[in-house]
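What follows is subunit A paired twice: with subunit B in the first complex and subunit C in the second.
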Partner chain A sequence: MLGLDGTPCSWLRAETAAGRLPNLAALFQDGSLVPLRSSLPAVSSTAWTTFFTGQDPGGHGIFGFMECRPDSHDLWFPNYRHVAAPAVWDLAARAGRRSVVLNLPGTYPAPAMHGVLVSGFVAPSLERSVHPPALLPRLQAMGYRIDVDAFTARGSFERLEADLFQTLATRWQAVRLLLEQEHWDLFVAVVTETDRLYHFLWNAMAEGDPRAVDLFRRFHAEVDRFVGWLAEALPDGTHLIIMSDHGFTTEHRDVHTNAWLRERGYLSFDHGASPGLGSIDPRSTVFSLDPGRFYVNRAGRRPRGGVPEREVAAVVERLVADLADLRDPDTGELVHAGVVLRDDAYHGPRAALGPDCCVRPKPGYELKGGAAAPSVFAPPAAGLGGMHTSDDAHLFVRGAVLRSGPLGLEDLAPTILELLEVEAPGLRGRSVLAASRTAVLR
Partner chain B sequence: MTGDAGFVLWFTGLSGAGKSTLARRVGQELAERGHRVEVLDGDEVRRNLCQGLGFSRADRDTNVARIGWVAGRLASHGVAVLVAAISPYAEAREKVRASVDEFVEVFVDAPLATCAERDPKGLYAKAMAGDVPNFTGVSDPYERPTAPEVTVHTDTETVDASVQRVLDALTLRGITTDPDEVYSSSEEQEVAARLGALGYLG
Partner chain C sequence: MTGRPHVVLVVLDTVRADTAGLGGPAGGPMPALHGFAGGGAVFTRAYSPSPWTLPSHASLFTGAHVWRHGCSELHRRLDGDLPTLAERLASAGYATGAVSANTWVGPDFGLDRGFERFVRAWRLVDRGGDLAGVRRAGREQGRTDLAEALRRAMGGGFAPATVNLAHYVLTRRRGRFGGARVARRAVGLAGDLAASGRPVFLFVNFLDAHLRYWPARRYRRAALGAGAGRARAVNQDPWAFIAGEAAMSDQDLEVLRGLYRAELAHLDDVMAGFLAGLERALGLGDTLVAVTSDHGEHLGEHGLMDHQYSLGEPLLRVPLALRGPGAPPAGVHPALVQTVDLAPALLEAAGLAAPDEPGLGRPLTSPPRDWALAEYLGPQPTMAAMDRRGDATPFRRYDRALRALVLADGRKVVRGSDGSLTLHDLTTDPGELHDLAPERPEEALDLDDRLTRLGGPDGDAVPPAGAVPAATGPDEPDAEVRRALESLGYLQ
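For the complex of A and B:
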């Protein structure tokens, strides 16, 4: 599996049709490039974990990049050790299959597993990102980079440009090293530089800024060369999946959901305190985490929680009704694509830890959960210009006929296991392969 | 922090809901995390500490109060005390809560029919036949907690899932430490900064 983090299906179709990505275009002739539904929320930690477990967040427990501690309302950051469901490489290992996993977001710290794993975003330390540890010196020697330096890249076109190509180069080098020198049954590699480029320059590219357009084309040409090399380097008969975890689109406005909750009387902070969830007034009934997650401020679960369980349903009902009227003041349009209740979104033993409801993102409106935002609506933050979409990720399975119907990230682990001929009951997703796949797969 | 601070983890629910099973399993996990653990199981307590107490309202309240006092004393000396007792009356449970510094209530919820079907001690059959008076859920009330820190639904969850939820709740409350806690404070700042640079935490 080759992941191109954030690359939209619609954009990929347009670019290949325009002749700009010849290797990808050639590959896509041998199968179907289809849209893939992301997770809810559509952020990489949740999305890729959904991919590699075959469960939705109710099963794997990763609802976002951050959660809220119950004893202080402070934020904390889940990592791989908080993933509550087995990964596809662990399920494959039960049947003796060996895996190599490179740069998959949500896999830090690197677990002991049957094979090789190099963690992806968010990985603050390369030293704890590598299994087995013996691989670390070789990665360090090649100058392997986990990620672009987003601090310096944001706001500096030149730094972003240099960092993108350098990071991709080391990614390619690591893939080559592992592909050629390791025995593997499953190889997973993710390019995350795409997502970084999109976060900073998608708006500019879409608006036709010449520098952004040029960088997009040059960078994706390099990605395309990488894909071409990979397709040739793979042993004959290797099943190839290319996919993303979410799509990307232009962002017009930030929508600060905690500011909205304050306006609507759901949320307040201690008098005189700096706005932050740590100073949430216990009379608050709802708070929000980004993007678009809403939590009832339950009594008992958190010291500053004040809503008794018997009142939760009424709070949610009122919240859902109010969210139906969260509109752009300039255009009158809704700033989200609908509300999803927890029980409808999340299934599994961790579902109760999830938000009481989520809103689906709507192109153009980036949902933000910062507690200190002074107003609901704001322009995109400086240096950023682009947002995730939840229904325009892409999926391609070489040589395969895919089943009809919406396909989601949770369907990939079952697909991989089917291709590996490994049984794996109990997954939320189901294989994307049509019933007659054995007649058409090479 | 792990193993230093005591607390009371109070499992309440109908007979047969799974309180003892969960208390034992959670106790094992906490012991592995370095806590000094004591499980006060309702049946054992009645045979020892609370011999002679019956099942009238007054006796039940006394039973809970005694368990709560012992649990509180142990907790004050750094013990993780797990109590598995029906403790059917909310007022009595709340009095224990008020007397203990760190009190976590786990509502072990299962429908009465499920508990009766399980009937691990054969008591439901006797109670429904009228042979056991003052039986909680049949001839005596059970007052469901209104704001427990954790609710587990043992009719729909596996034991492992329920145990994990209790442990997660304790970890997130800072009562116990996840042995796999990963980030140092500086790394946590690094993570926050990287997320912020991409527009998260906004």
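For the complex of A and C:
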């Protein structure tokens, strides 16, 4: 499985149709490139965890990069240790299959597993990102980089450009090393540099800024060379999946959902305190986390919770009604693509920890959860321009006929297990292959 | 008597609970220890949290599970934030000393923390450089660290260092670990420490039960009788046995077990002498003595010898007995306990509070344990070290981490990083011969799930549904996570 983080299906189709990306275009001749639905919310940690567990967030427990503790208003960052469902490599290992997993977001810190795993974003320490630890010196020796240094790249085109190519080069080198020295049944490698490029320059590219357009072309040409090399390097008969975790599009405005909640009287903070969920006024009824996750401020669980359980349904009902009128004041356009209630979005043992409702993102409007924003609408933050989409991720399975859609990220773990001939009941998704493997794959 | 009791912690390295037989019927190989323990509290269902020396001693010293103290197959040193038993007792006014016969249990691995005096009993002369430690470092870490360790070791003088190394190699080869000498040094140290007028904390590790099993002839004869003649010919190379290069018949294994019993009989005489010495040096009436082991031993079960690659009962079940002021009520205690519970018990006996945190043991007098946890984070020696010594191919199938959960009701689940999952009912199948996981997969997976929640190899506990643990591990750079997310516009 090769992941191209954030690369939209529509964009891949357009680029290959325009004669660029020859290696990808040649691969796509042998199967179909189709849109894939991302997770809700469509952020990498949630999306890739959905990919590698075959469960929705109600099953795996990762609802975003940041969570609010259920017993306080403290924010915290979940990581791989908090994933509540077995990963596809653990399910495969039960049948003796060995896996190599490189740079898959949401796998930090590296777990002990059957095979090799090098964590992906967010992974602050390479030392804690490598299983087995014996591999660490080899990666250090090659100057392996988990990620583009987004902090220094933001705002400096030259740094971003150099960093993108350099990071992709070490990624390529690591893939080559692991392909050569490891034996594996499942190989997962994700290129996350694409997503970084899009976060910084999608808007500029879409507006036709020549430097941005040129960098997009050159960087994707390099990715395409990598794909061509990989397709050659894989042993004959290897099943190949290429996919992304979400799509990308132009961002017009930031929408600060907590500022909106304050305007509508759902949320307030202690008088004089700096705005932050830690100083939430106990009379608040709703708060939000990005992107587009809304939580009723329940009494009983959190010391500053104010809504008794019997009133929760009424608060949600009013919120849903108000959200239906969250519009761009300039155009009158709705800023989201609809509200989804928790019970409809999330299934499994962790569903109760999820937001009471979520809004689906709409192209152009990036939903932000910060508490301090003074106004609901703002231009994109400095140095950033581009946002995730939830329905335009891509999926390609070489040589396979796919069942009719919609297809979602949770369908990939069952697909991989089918290709590995491993039985694993109880997954939320189902295989994307049209019929039994033997019938459709050469 | 100074008001607080002297505390003596004895680790009989590599002693199996069932062979030692404390708390059971008389007639086992350790009558003196059986008698001594019989006057105190004997725990007959005590589990070690690790199957080998280093993590297990780190647990004995900190009262913490392996995932909490972090000294493991993956990080061969005790460091971090947990105070050791010796540090706690020293800061409360105890005079602290240790005598260790095991090179793993010493300053090279961070296990000397809190001891005023630390006697490395594998050395004949207690001065000069520690070449045995160098040898250990060389075997485990390869040549890179060897030169540096050698330079450090030779700082203390060439002659004593060489004498000590020669002594170490010869005694190990002969299978003699000098228990009587260890006991004499420990008693001498106890006397020195007591002369300070402070209460004494003494730790002693006896290594005699470790491979090679070769006690003096009288012990071999007593244990093997007519079979003693075959003893010299029987294979004692665990790697050859595990690799299948040295086939051993049932008869051979019987001889091996006899030799192991003979070592325990020898160790019992050592203990009798040691206890008599303690009576002279400290007075047993003023001294809380705890006797346990860091792990047991495989004697052919499941195709294994020595104590690696497994979390089987022969490795995890250890003797545990306490006698003296502050000990739990005298008698046989059949409840489930772990050796992580020993440090809290000793702290309480010394009048100190034992912290109550996730990952730490609880005093032995606490309400009965519902579960016991054991962890093995990777093969020891590593596959890389095995490759340096020769062909590691026969051992590749053991290249995996294992975690085991034992429940008070007798069920035991073992999960391997290779995907293996076994379920045994120890009440009907104490030998772990009949894996129930294929018949009862749902139950096995439920227990596996529970095991997963009991703490990870990499830090804090995985939360039960509905609760969330500390946001990050102890050394998690939260600020870096925040920076990385902010840079992409995720936090404002």
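Convention: the second predicted complex is superposed on the first by the 437 of 442 C-alpha atoms of A that agree within 3 Å, B and C clash if a C-alpha of one lies under 4 Å from a C-alpha of the other, contacts with A are read in each partner's own complex, and residues count from 1 in each chain.
We adopt the following convention: contacts are C-beta pairs under 8 Å (C-beta built on N, C-alpha and C of every residue); 3 or more make two chains touch, one makes a residue touch a chain.
The model shown is predicted, which means the values in this text are computed figures rather than measured ones.
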{"item": "Clash or fit (per the criteria above) of subunit B with subunit C on subunit A", "value": "clash"}
{"item": "Touched partner set for A:384, first subunit B, second subunit C, both or neither", "value": "both"}
{"item": "Partner chain in contact with A:290 - subunit B first, subunit C second, else both or neither", "value": "both"}
{"item": "Partner chain in contact with A:210 - subunit B first, subunit C second, else both or neither", "value": "neither"}
{"item": "Contacts of A:309 with subunit B and subunit C, given as first, second, both or neither", "value": "first"}
{"item": "Subunit B versus subunit C as contact partner of A:133, first or second or both or neither", "value": "second"}
{"item": "Partner chain(s) touched by A:299 [first = subunit B, second = subunit C, both, neither]", "value": "first"}
{"item": "Touched partner set for A:95, first subunit B, second subunit C, both or neither", "value": "second"}
{"item": "Partner chain(s) touched by A:114 [first = subunit B, second = subunit C, both, neither]", "value": "second"}
{"item": "Subunit A positions touched by subunit B in one structure and by subunit C in the second", "value": "43, 65-66, 69-71, 76-77, 79, 81, 84, 109, 121-122, 124-125, 128, 147, 150-151, 154, 196, 199, 256, 290, 349, 352-353, 366, 368-370, 373, 381, 384"}
{"item": "Touching residues (chain side subunit A, partner subunit B) in the complex", "value": "43, 65-66, 69-72, 75-77, 79, 81, 84, 108-109, 121-122, 124-125, 128, 147, 150-151, 154, 196, 199, 254, 256, 290, 298-301, 308-310, 349, 352-353, 366, 368-370, 373, 381, 384"}
{"item": "Sites on subunit A touched by subunit C in the complex", "value": "43, 65-67, 69-71, 74, 76-77, 79, 81-82, 84, 90, 92-97, 109-114, 121-122, 124-125, 128, 132-134, 147, 150-151, 153-154, 196, 199, 256, 290, 349-350, 352-353, 366, 368-370, 372-373, 381, 384"}
{"item": "Residues of subunit C defined as touching subunit A within the complex", "value": "74, 377-378, 382-384, 400-401, 417-419, 421, 456-460, 462-463, 465-469, 471-473, 476-478, 480-492"}
{"item": "Footprint of subunit A on subunit B - complex, ascending", "value": "105, 146-149, 151, 157-158, 161, 164-165, 168-169, 172-174, 178, 180, 182-183, 187-188, 190-195, 197-202"}
